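Below: one structure in structure tokens.
Residue numbering begins at 1 within each chain, and the chains themselves are lettered A, B, C, D and E in the order written.
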Amino acid sequence: MLINCVAYQNGRKLADIPVEDISDYVAREDCFVWVALRDATFDELQVMRVEFGLHELAVEDAQRGHQRPKIEEYGDSIFAVLKMLEMREDDELAVGEVDIFAGPNFVLSNRQGSTQDFLGVRARAEREPYLLKQGAGFVLYALMDAVVDRYFPIVDSLESELEQIEERIFIRGSQRDSIQRLYALKRKVMVMRHCVAPLLDAIGKLHGGRVPAVCANSQEYFRDVHDHLYRINGILDTIRDTIGTAIQVNLSMVALEEGEVNKRLAAWAAIFAVLTAFAGIWGMNFKNMPELDWRWGYPVALGLMFSVSFYLYRRFRRAGWL
Amino acid sequence: MLINCVAYQNGRKLADIPVEDISDYVAREDCFVWVALRDATFDELQVMRVEFGLHELAVEDAQRGHQRPKIEEYGDSIFAVLKMLEMREDDELAVGEVDIFAGPNFVLSNRQGSTQDFLGVRARAEREPYLLKQGAGFVLYALMDAVVDRYFPIVDSLESELEQIEERIFIRGSQRDSIQRLYALKRKVMVMRHCVAPLLDAIGKLHGGRVPAVCANSQEYFRDVHDHLYRINGILDTIRDTIGTAIQVNLSMVALEEGEVNKRLAAWAAIFAVLTAFAGIWGMNFKNMPELDWRWGYPVALGLMFSVSFYLYRRFRRAGWL
Amino acid sequence: MLINCVAYQNGRKLADIPVEDISDYVAREDCFVWVALRDATFDELQVMRVEFGLHELAVEDAQRGHQRPKIEEYGDSIFAVLKMLEMREDDELAVGEVDIFAGPNFVLSNRQGSTQDFLGVRARAEREPYLLKQGAGFVLYALMDAVVDRYFPIVDSLESELEQIEERIFIRGSQRDSIQRLYALKRKVMVMRHCVAPLLDAIGKLHGGRVPAVCANSQEYFRDVHDHLYRINGILDTIRDTIGTAIQVNLSMVALEEGEVNKRLAAWAAIFAVLTAFAGIWGMNFKNMPELDWRWGYPVALGLMFSVSFYLYRRFRRAGWL
Amino acid sequence: MLINCVAYQNGRKLADIPVEDISDYVAREDCFVWVALRDATFDELQVMRVEFGLHELAVEDAQRGHQRPKIEEYGDSIFAVLKMLEMREDDELAVGEVDIFAGPNFVLSNRQGSTQDFLGVRARAEREPYLLKQGAGFVLYALMDAVVDRYFPIVDSLESELEQIEERIFIRGSQRDSIQRLYALKRKVMVMRHCVAPLLDAIGKLHGGRVPAVCANSQEYFRDVHDHLYRINGILDTIRDTIGTAIQVNLSMVALEEGEVNKRLAAWAAIFAVLTAFAGIWGMNFKNMPELDWRWGYPVALGLMFSVSFYLYRRFRRAGWL
Amino acid sequence: MLINCVAYQNGRKLADIPVEDISDYVAREDCFVWVALRDATFDELQVMRVEFGLHELAVEDAQRGHQRPKIEEYGDSIFAVLKMLEMREDDELAVGEVDIFAGPNFVLSNRQGSTQDFLGVRARAEREPYLLKQGAGFVLYALMDAVVDRYFPIVDSLESELEQIEERIFIRGSQRDSIQRLYALKRKVMVMRHCVAPLLDAIGKLHGGRVPAVCANSQEYFRDVHDHLYRINGILDTIRDTIGTAIQVNLSMVALEEGEVNKRLAAWAAIFAVLTAFAGIWGMNFKNMPELDWRWGYPVALGLMFSVSFYLYRRFRRAGWL
């Protein structure tokens, strides 16, 4: 689905142009064409391939989708794949994708499976013509920056999820819940890492050493995006590492609680075993058991039994078993 | 076993040629010879060695089989070993191998221990002569691409196997089953990694920096295969990492369930110990136990015992032990 | 908030200058301007941007704060972000930040969220004019050195915390406490690592190979800071590694203690089960149980029961179960 | 102990020569001297040092033995240390060593602590003079290849040992045995890795980039050895990784079996506790317990007790506890 | 404290010289000055700084001590820090330090906190003047070699400690002891690694690529030291890895033994529960229990009870529970 197809000159909007005129405008060196698609069909992409002269393999990738994040050079163009992340209502991560083709004087983006749009990026770019004048590199940066900026609230929510789990990790009886949430969190972190880590490597090549011509003027901007990704990646690594430790801690807590239950069991068992042993003794049928005939035999026996029980109870209590 | 032995000119099939003519056609610069073998014998490989002028060590490797995936340069030729994977009916991975010799104007492939063939690759290449015109590099790519494309359904099946295990991992009583399946899955992932990881390194040298002459024109195609492998490798890493976590989680679940059984045991033991202690007391043989002579002594005693039991039962229930 | 704004000439203080004169002094090649801000507002930073001619992206980073530690070149200037660490009274790590802009003849620092100041650095620099004469690179070094030197007491306190935990790790009954403290320590180490590790990478580029012009004269000083960070990082790695082992050891200790409780439980249960079994036997109602009628039957029975109990007690004791 | 000392010319054996003539033959450029020692004494090595003009440090290493595998250049000579592995009868790995000095026209090998010899290598080399003509590089390769080829049966036996353990890992009651065997296997893998990994790094420098002059003609042969080592190393890594997982799995199995024993204990305890409680009740001495006087009281009571027991037994059985 | 201060010429001792003459001898190109200090004071180091013209930062490091091992270039001098290790009587590692300044024609060493001296190194060097003639590089090597050689007995003792633990790891009842010793060993390994690993990196730069002028003639010697460190580091890695596995194995053994205790407990509990249940039944007070009146009722009952017990005992025995 075509969303926008606009030609610019000197950073200013020239006109919304029909798709079939794209190649004419791209041929004019002073023009800049910026096209936005959404869930483009095979045919739409083929038209774009012809109009912009895109490389077959890149178009194929865009068509099939589900690429890993990457930035590839084809001649003087760049083909970039970024993942768009959204936290769904059921607390799962939805992964969309945006494919960006950037050539000397054009940018074509195709967004798939995501509800996030880039209208704000275009609006801001049109408001500040001196930025658009910098050409395709800057637009590529602006789109990337928009995608990456949307990673931050997600990584924040992962962090706060971890903190919530941590608050409960030492609380008795919450181990089953904790381990399930840790496992679910781990999965989300893995999903996010797969969106961030390859992109981190790829963007690292857009500043510093040899840089594709399209991006040469915007190196410091790409370094900025790189820096953001680096930070996100660092946080993800910490979360991952912490989840690992938390799972180990969780296991220790399970074992500790089991140990406490065992101790309690042992203590009560001991108390009742003593009671039962006493009762058993005085329940024996020996003829000659003088205490059985005493007047206060029974109350004394009961008293003795309860005293011993109480003594044991106190002792176990002090030992922390009860 | 010889499958095909065809000479091409300008991307078009010239003729099926007898094996002993290969060297003549290879000597003609405008010709391209593409030979496919299957489970080749020692003698067949020796004939090929002579006809194509292959390097002794490469042929030796091809003969012995069970090489690790690799791409080696011998002068202006390339010797590539790829693993072919099939999921057998008993859910085990069958590993076959294809050895490819690619020189300036020939490609020789020998497939071993696999039921998958490359007829489709040749058919498509013959349908589109402009592709075949690109020569040995393109055919090498096409074969690699065919092999790698067949990795995807396998990696998908590993992923879905993991998902099935994950669905059951928090279910009571499924731990033994889960751990066995996790272990089996881990093994399959390791087998697959051994097919993918070395190839990933090797193909990385077919694009970007210094590239063997045979592959120079097809760099972007090899980058595409590299990209696929990279993606597969990433998924395998994630599965491996997740299996590790799942095994830890499994252990926690085992411990948790054991704890629950222990608690239940403790609770019932406590209830019956109380019952038995009471019964023991009234079973003592003291002369002077007035309640024994009461008319309602027995029912009251029974009532008391069951009240206490019921009270304990309720308490344990509320504490979540029962 | 502006703290100082001073111009120097030949290493000696010229005057406290008003903010709006900064650009004049910076324009004079023989002058050196050193400005210190604290929790600067948006407006203050904008003024500085204009006066010093700073890069927009760097100023944006300084404004937003919460950057990861880094050192970036913008033309002939350097933008450095360092984290300032303080151990709060509640034993948590407070993380502040200092952003430093260093150009050919100026240094601007902005400190955020930290109670530590750099007055000592300036005082020492002014006392020893031959140092200040070395220019911006030396001041940058002096500020970095001050920040990094303050890491040492913190890493020491982490180490001594670890030692305290280690002293108690093999003590019975301290497992729950140990695991909680280990987890808390791990978190602090992770926080500190995030302050140290990226800086370590960044400072590595200020000596040795190609070095930014501002720092060229002070390479050996930066190597010294690098060396300090390297040492701190090594200690943090050791602590991390040791925490990992300690958590495993802790789990083993939990299991060991549980095993000991189990053994004790088993032992006492056995003793009382024997007592009860004996009592049960002599409590049976068979007519013909001659020992019941013996005169010394009861005392002999009691004696037998206690002898057996005592024998078991001794045996368990020797086996280490009691 | 001297084993062979032979001079060759044009790849053909010239003569067995006395040790003191070595330097004369080495001085003749058209000659090639190949000496084999075994467990050489200090004096023998000193003689060799003088005759071949070896470097003092290399000879010292050879004398002391117990070096790590390595390949060092001394001027135009190479000093290589390789480990020889044998599986002893008691299933332990015996580690021997072979030190090889290779100069432009000589090879000296000294084998220590191993029963494996290299007679086959010399025999084959003498059978095929065109190989020996390639000089020291080829002989070095042939010796290395012989050593590395003998690694394969060992790595195979480690793999099959692992498979045997794996077959029993999920079998009840084999955990103690499994863990001991896993630990022993881990040790053997570590020993072998120490023989393989450093050699892998070292041989990597004998092909590809800058290669010592001695080995320049045999690069493709060294790549072949490198490839073998790479494969062995990969297998060792997999075994190591699998052992790690197997140890974790083993722990889970231990916990699972313990849980099963606990459940069985709980079940039987419950059944007998119920029986005992019933018996206790009817063993009370209340006067007014009408059922005691019923004619069928006793059989009915027994019947009731066994019915309840049987009901519990069935229930536990169905729940999988018994 | 000054230990020696000697000037050499042509490798021969010229004279013990007073400290204040050092700068004169250093100024003479044909002389070589070798000074040894021990626990030098601030003043002594300042004197040395002036006499030898050392760099301020290096002297500061030497003064403060507790540096990490490193080798730094300052102009044409080298500043090296090495750790000296001693196994104390209480089985703890004592870490001392030696700081070495090596210039074109001088070496200054300062030893701190260690009882090991270097008199042997000087004695040997003076005995063999041709070695000393090689100058500062060789002396630096000789000191390093002496330090590193003293690592070997320590790493051996760590290895044999590990072996001792391993011998006991599968022995019942030694788990608590094993885990404590493993933890203590781990700590020692970590301490040692911190002495070895940074030095390994640093010495790697003294041979092979660009080498400081001072060390250029002694490259092969430094490679030898590097090789020793590499070996030590490899052994430490293996010990570390093995400790990790041993701790896991230990945990499994704890769990296994617990399981065995549980089984034994279960078995005995079952036997006595059966006994008690039987006794309970015949202790019931039903009127009509004909077996109670039988003449041989009691002995038959006892016989039955013991038969059942014995049967259970045998069965448990065969099942390996007792």
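Criterion: contacts are C-beta pairs under 8 Å (C-beta built on N, C-alpha and C of every residue); 3 or more make two chains touch, one makes a residue touch a chain.
Everything quoted here is computed from the prediction, not taken from an experiment.
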item: Shared interface numbering between chain E and chain C [over half = same, under half = different]; value: different
item: Chain A and chain C, separation of their C-alpha mean positions in angstrom; value: 25
item: Averaged-CA centre spacing for the pair chain E and chain B, given as whole angstrom; value: 40
item: Chain E, residues touching no fewer than two other chains; value: 248, 251, 255, 258, 262, 265, 269, 273, 276, 280, 283-285, 289
item: Chain contact graph, described as a line, ring, star, complete graph or other shape; value: ring
item: Order in which chains appear around the ring, chain B first, chain D after it; value: B, D, E, C, A
item: Chain C-touching residues of chain A, taken from the complex the two chains share; value: 169-170, 220-221, 223-224, 227, 230-231, 234, 238, 241-242, 245-246, 248-249, 251-253, 255-256, 258-259, 262-263, 265-266, 269-270, 273-274, 276-277, 280-281, 283-289, 320
item: Parts of chain C lying in touch with chain A, wherever the complex brings them together; value: 55, 57, 61, 67-68, 70, 72, 74, 173, 175-176, 179-180, 182-183, 186-187, 190, 194, 198, 243-244, 247-248, 250-251, 254-255, 257-258, 261-262, 264-265, 268-269, 272-273, 275-276, 278-280, 282-285, 289, 291-298, 301-302, 305
